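As structure tokens, here come the structures.
Two complexes are shown next, each including subunit A; its partner changes from subunit B in the first to subunit C in the second.
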Partner chain A sequence: MALVLDGVRVRQRGETWLHDIHLELSSGMTTLVGPMAAGKTTLMRVVGGLLPPDAGRVVVNGKDVTAISVRKRSVAFVYQQFINYPSLSVYENIASPLRMARFPKKDMDRRVHEVAEIMGIGDLLDRRPAELSGGQQQRTAIARALARPVDVLLLDEPLANLDFKLREQLRGDLKDMFRDSPSVVLYSTADPAEALTFASPTVVLGEGRVLDVGEVADMYAQPPTLAVAATLSDPPLNLLPGVVREGRIECLGSSFPSPGAHASGRNVVLAVRPHQVTIERSGSDVLEFPAEIRLAEVTGSETFLHLMLADGRHLVAQLAGTQLFTPGERTVAYVDPAHIFVFDDAGGRLLATSAAEVDLHG
Partner chain B sequence: MAGEQVAVARRARRQLPWARAVFWLYAATLMLPLLWMFGMSIRPNEDILGSFSLIPQRTTLDNYRTFFTDPVWYSSYLNSIIYTSMNAVMSLIVALPAAYAFSRFRFAGDKHLFFWLLTNRMAPPAVFLLPFFQIYQSVGLFDTHLGVAIAHMLFNVPLAVWILEGFMSGIPREIDETAAIDGYSLPRFFLRIFLPMIRSAVGVTLFFCFMFSWVELLIARTITSVNAKPIAATMTRTVSAAGVDWGLLATAGVLTIIPGAIVIWFVRNYVAKGFALGRV
Partner chain C sequence: MTEQSVTVAGSPVGGEIVTAAAPQDGTPDTRASVKPKNNRAWFLVLPVVVSVAFTAVIPLMTVVNFSVQDIFSPDDRIFVGLEWFRSVSRDPEIRAAFVRTLLFSAQVLLLEIPLGVALAVAMPRRGIWVSAALVIVALPLLIPWNVVGTIWQIFARADIGLGGWTINNVLGIDFNYTLDSTDAWITVLIMDVWHWTPLVALLAYAGLRSIPDPYFQAAQIDGASAWATFRHIQLPRLRGVLTIAILLRFMDSFMIYTEPFVVTGGGPGNATSFLSILLSKIAVGQFDLGPAGAFSLLYFLVVQIVSYVFFTVLTRAGR
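Right, the complex of A and B next:
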């Protein structure tokens, strides 16, 4: 199975939602990650045939399906909202694509029980969707999508409306299920942690454009642009202004050796993930930022310390464990230059990376 | 979340000391004319015109016997039931696809057309009397059940579209799309998936169509003479040489309420839900 998007463009209400998307996907799971309004759903709808693109082609297994009606395509779609047929039982819900495809009754029955077992709703087949919990409703929707063998399976943020325990459980199930799927499985999410967990080939989407395609762990370790770094960082990146001066980069009174040779006077953006900011000096070559504590959010396993720097900028430090601070107190934030990503001021292109912050392949 | 709020509101609602008494007083005030009419229908005429008494002195079923044996009465009663039912079914058959189109598709002038539907209800029915009369005379619909049913559709279809569209728009489009992906054809999806989802809307719509058609007198009387004459028209003609037949009139009144009461009984849950959800 192979899915090719060739110059797909979508304009709606005078705005361009997708800019000439070129993508080639093969069977198995691909993660589509991007912030809200990045065009994930639009892209999925184009692939599924629910939205005709204004330009470009959708090619499945070498066949141009752009003009083929959604009823005749071999696709399945799972929405973020739990979409089931309320008047039909869970069994009939799962069976309905098979019925429409005129599966023999025996095969249909076997298949429905099979996918229901996989999704862990085997004992709920007689119920109506409204009698199920949110997690079970979404399992039903996924089971219906799995029932019929399709060329392309689309899952549009299927776990976003579930509470976190169910989400993690179902995420694990889906990861196992789709890894070796014969279909092209496109899974969209706004949650970078989800993309990283799936560790499958990943497409980063932003403002209707493909920002990067590749292995998500590489992208996380070496984000090619600021937008990719921001998309894959949760909690959000800390951004600080810097300027190149004689082989060093200066930032709010501190400086460190520039990772590459760049012209003096050039403005750059420094990006640091919150968990790389500490309040204990960890080495000799670290940057120091005197700061005032504004707020400390304790989540239990972590403490998010919101700091205000000398120039009024905010810096968030993600510290391990429960730590108590008094707002208004003064402290010093330390950042190891090795963990700073340097982007140029205009295009967000990474000038040079410091040493990879973690060895994700190890 | 909304459900929780309702639950909280329900818990917070306190019983007012006089609530029960006020309710019964109100109910009695509403019911009095109905009970009085029922009382009249089971009394002989002399007693109705004689001295005032709360409880009937003598009871008789003569009025009901007359009603169901005199063809003028029972046939007009049947006429009303026939054209009202026809109208409700026909209005629904026309309004369901129309409402679906308004709810799901965008087409040139859709918003104007939708508003125009409503403006139809702003014109007084009398405006349409003459055109209906003349047209019906010439096409042979005059004094037929079908004719009255069609005439009433002029008012009921816009109303039905309006009510149904409100409900349909409350159903996520993703259901339609999922069905299309599963391979359902539009008619099959509509009958098997969509219609069951809006059955309370259908109930509410049927009720409103029935009600408007049942109580409408002006048009129904103008475009009928004998064969499709409505019960309400017959009721206006009870004055004879012997004076007004009060008992029979009251009997017709009681029987006229019954079909409405039956329809209400069947759709009462839907109507309550309809008021809560849609555009009623």
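Right, the complex of A and C next:
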């Protein structure tokens, strides 16, 4: 099974929602991660045939399906909302795509029970959707999508409306289920933690463009651009301004060796994840930022310390455990330069490799 | 039991914590059951009580009063018990009108509910035509009832009315609502359908609009037909509004007065003499206040009972 998007462009109400998307996906699960309004749902609707693209082609198994109506395509769709037929029982809901596809009755019955067991709703087949909990309703919707073998299975933020315990449970189930699926499974999420948990091939989408494609762990460890780093960081990145000066980068009175080569005087953006900010000195080469404590949010296993730096900027430190602070007190935040991603003012990353090349040549 | 005001206040950040003192005589703690009594609520409810009394209770009681008396003049009246109820419920003219009205309501519901739902399904869900469709559909609802009657009285006339003339001279069907009872009945029925189907359509449209798009997309992906989409997605979501629509249309059509009064005046003969027309004839025309009172109360009771039955059946069906 293979799905190819070739230059897919979508314009709606005078705005471009998808900019010439090129993607090649193979069978098994692919995660589509991006913030709200990145174009995830639009992309899925194009793949599913619910929205005809203004330009480009959708190719499934070498066959151009762009002009084929959704009714004739081999797709299944799971929505963020729990979409089931309200007047039908769980059994009939799961059976409905099979009935439409004219499955023999015996096969249909076996298949319905099979997917219901997989989704853990085998004992709820007689109920109506309204009598189920949110998690059970979504399990029904997923079972409905799984019932009929399809070329492309689309899951659009299926766990976003569930509470976090159900979400984690179902996430684990889905990961096992789709890893070796013969279909192309496209799973979209706005939650970077979800993408990282699935650890499947990942497409990062932002403002209607493909920002990066690859292994999500690599992208998390070495984000190529600021947008990818921001998309894959939750809690959000801390951003600080810096200036390149003679091979070093200066930031609010501290400086460290630049990972890339850039002309002196060039402005850069320093990004550091909150869990890389400490308030205890961890080495000699760390950057120091004197700061005032504004707020400490304790979640139980973690404490989020909101700091105000000398120039009025905010910096968030994610500390382990419950730690108590008094707002208004002064402290010093430390950041190891090894954990700082440096981006140029266009959002591209300054990489050590390019610095090495410059050393060789210069 | 001792009256005591208890304050339990606590705030995590440096707030003062006041704990209730334990009852000193050693009786069990009665904190939960002791509440200061306050009669201010009665004072606030009083305006409602007075206005409801003046607009509903007293007029209704006047009718009850009329229904059990034979009134010759304001000073000359005798108590007759349930005599009027007995004679009214046995009156063949009233019985005929009751059957007629029930038949009319049934036909109104059978026509207006499916037609209104069909109209709502056909109306655009989005785009520039939404407002246009809404205005066009709502138009009949904005016309005063007696004007609706006048419009149809003229429209259906065989000699000068556009509708009546067309039926007679273009379609070649002999149609005259002033002479033929069936024609009169059809005229009044179509007039009601024209006037009130938009209400059902608007209610149903509001219900349909509340269905999220993904439901329709899911049906499309499954390859569901338009009928299956209607049956399994739209209709279940319409149950609530249709219950309201059926109740409103029943009550209103069962009490229809103005439009047939203007168009046919209840005729020809008794063909379109609905209960309300007969009632007004007895009460206002003949000034028989006793029978009219009994008639009104029975009428009122029937509307209540039928509405209750409809409501119960429709809400049960949803479970």
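Methods note: the second predicted complex is superposed on the first by the 346 of 362 C-alpha atoms of A that agree within 3 Å, B and C clash if a C-alpha of one lies under 4 Å from a C-alpha of the other, contacts with A are read in each partner's own complex, and residues count from 1 in each chain.
Going forward, a contact is a pair of C-beta atoms (placed from the backbone, for glycine too) under 8 Å apart; a residue touches a chain by one contact, two chains touch by 3 or more.
None of these values were measured; they are calculated from a predicted model.
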Kindly say whether there is room for both subunit B and subunit C on subunit A in the superposition, answering fit or clash. clash
Going by the contact rule set out at the top, does A:A2 touch subunit B (first), subunit C (second), both, or neither? neither
Per the contact definition in the header, classify A:M100: touching subunit B only (first), subunit C only (second), both, or neither. both
So, does A:L88 touch the first partner subunit B, the second partner subunit C, both, or neither? both
Touched partner set for A:V75, first subunit B, second subunit C, both or neither: both
Both subunit B and subunit C touch subunit A at residues 48, 50, 70-71, 73, 75-77, 79, 81, 83, 85-88, 96-97, 100-101
Residues on subunit A engaged by subunit B in the complex (per definition of touch): 48, 50, 70-71, 73, 75-77, 79, 81, 83, 85-88, 96-97, 100-101, 144, 148
State the interface residues of subunit A toward subunit C in the complex, per the touch definition above. 45, 48, 50, 70-73, 75-77, 79, 81, 83, 85-88, 96-97, 100-101
Mind pulling up the subunit B residues that touch subunit A in the complex? 172, 174-175, 177-185, 193, 196-197
State the interface residues of subunit C toward subunit A in the complex, per the touch definition above. 212, 214-215, 217-218, 220-224, 231-233, 235-237
